[in-house]
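Both of the next two complexes hold subunit A, though its partner changes from subunit B to subunit C.
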Partner chain A sequence: MIRQKPNNKYSLTIKNQLSEIKKIVEVIDVLSADWNISAKMNNHLNLVVEEIVSNIIFYAYSDKNEHEIIIEFAKQKNSITIQITDNGKHFDLIKYHGNVNVNAKVEDRKIGGLGIHILKKLVDEIEYKRMGNLNVIKLVKCI
Partner chain B sequence: MEIVTKKDNSFTVFEIKGRLDTTNYLDLEKEFTRQIDNGDRQILVDCDRLDYVSSSGLRVFLIALKELKKLGGKFVMCNLQNSIQEIFEISGFISIFDVYQTKDEARKVFNN
Partner chain C sequence: MQIEVKVENDILVIVIEGSIDSKTASEVQQKILESIQDNINVIMDLSKVDFVSSAGLRVLLMVYRAIKSKDGKVVLAGVSEEITDVMSITGFINFFEISETIDSAHKLF
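Here is the complex of A and B:
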């Protein structure tokens, strides 16, 4: 579901299935056109949201049930704020380091763990809150 | 994403087009595995029309590189768009992969 709200905001609720990622791509295309966002920024927004959402889908739920993930975008004068909310297990990505060594030789490079590393490099601010049974991640990206 | 594979002398060219992400990375992983299992040891990935890669896609490139290195083969990439180049730099992939600006430069790496 895509909902355009007043005051430069978009929100989208998806199910915890990888096929839902294409809905995120569509919303980012719509808001990029609306907010006159560059192709580079569009690419960064896609990466940031995909890395978090795929992480939630892969690791947040111990049951096989359907869950909702809420993604909200808001534009301020010089930045875009993205808030992602899920009801999966407690996971503070700020404290997660994943041991990615970007200087390691190919033989020593571990497969995986790169998503959160990339995400942290692409945003300007990250905030994590556990609110009841919800993980709420807020990201700020300067334009 | 669309994957086109072509035999070019002693190496196999993978042209990957569109968007490589968490919804389709396994398709590419299977295609690399299939070609390597068939005996291919020299792979050139042409990224001219690859628009987007997330960490799932990077993971597939790393698996293929490690596998070919172990088997004494070569895994070479060319024509990275700026957005992909940026992700390769952020993740440190730029220093572990053989990346060339053009296909002509890249093909010189292979033994014919």
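Here is the complex of A and C:
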């Protein structure tokens, strides 16, 4: 569901399935047009949301049930805030260090940890809260 | 997402169209590794790829390793600014020879 709220906000709720990620791409395209976001910024928004949401889908749930992931976007004067909420297992991505060494030789590069590395490189602020049974990640990206 | 494979001047040219992300990466990787077989020189045409996430970078790394293990060579062609961006922040830009077009990629072999 795409819902445009007043005051420059968009939100959608998706199921914990990879096929749902295309809905996020559609919303980012809509808000990019609405907020006059550059192609580069559009790509960065897609990257950070894809990396977090795919992580949630792959690793957050130990059951095979359907779960909801809520993604909210808000535009401020010079930034965009993205909040992602899931009810998966506790995971504080701020404390996760994937040991990604960008200077490592290709033979030595590890496969894991890339997504969170990209995320941390692309956003200006990251906040994580565990609220009851919810993981709430808030990202701020300056524009 | 679509993949077209052709041989030009003894070089395997893999044309990928669409996104290489968490949903498509495993299929892209499987199709590419199947198509490589005995080929040791590969051009990956990314000019029709609109999005690459970390899952897509892992595919590029797997292809690179598969070709390098046979002493072959991989050249990426038509890499957009957005893909260059994500390859730069992860250091992947240093692993690959990159060419603006398919024609100029052929000249690197």
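We take it that the second predicted complex is superposed on the first by the 143 of 143 C-alpha atoms of A that agree within 3 Å, B and C clash if a C-alpha of one lies under 4 Å from a C-alpha of the other, contacts with A are read in each partner's own complex, and residues count from 1 in each chain.
We take it that a contact is a pair of C-beta atoms (placed from the backbone, for glycine too) under 8 Å apart; a residue touches a chain by one contact, two chains touch by 3 or more.
This structure is a prediction, so every number in the text was calculated from the model and none was measured.
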Subunit C versus subunit B on the shared subunit A, clash or fit after superposition: clash
First (subunit B), second (subunit C), both or neither touched by A:Lys77: neither
Which superposed partner A:Ala104 touches (first subunit B, second subunit C, both, neither): both
Contacts of A:Lys95 with subunit B and subunit C, given as first, second, both or neither: neither
Contacts of A:Lys64 with subunit B and subunit C, given as first, second, both or neither: neither
Overlap of subunit C and subunit B interfaces on subunit A (superposed complexes): 18-19, 21-22, 25, 39-40, 43, 46-47, 50-51, 54, 57, 100-104, 106-107, 109, 111, 114-115, 117-118, 121-122
Interface residues, subunit B side, partner subunit A - complex: 19, 21-23, 52, 54-56, 58-59, 62-63, 65-66, 69, 82-83, 87, 90-92, 95-96
Touch list for subunit C against partner subunit A, complex: 21-23, 51, 53-55, 57-58, 61, 64-65, 68, 81-82, 85-86, 89-91, 94-95
Complex contacts: residues of subunit A adjacent to subunit B: 18-19, 21-22, 25, 39-40, 43, 46-47, 50-51, 54, 57, 100-107, 109, 111-112, 114-115, 117-118, 121-122
Interfacial residue positions of subunit A with respect to subunit C in the complex: 18-19, 21-22, 25, 39-40, 43, 46-47, 50-51, 54, 57-58, 100-104, 106-107, 109, 111, 114-115, 117-118, 121-122
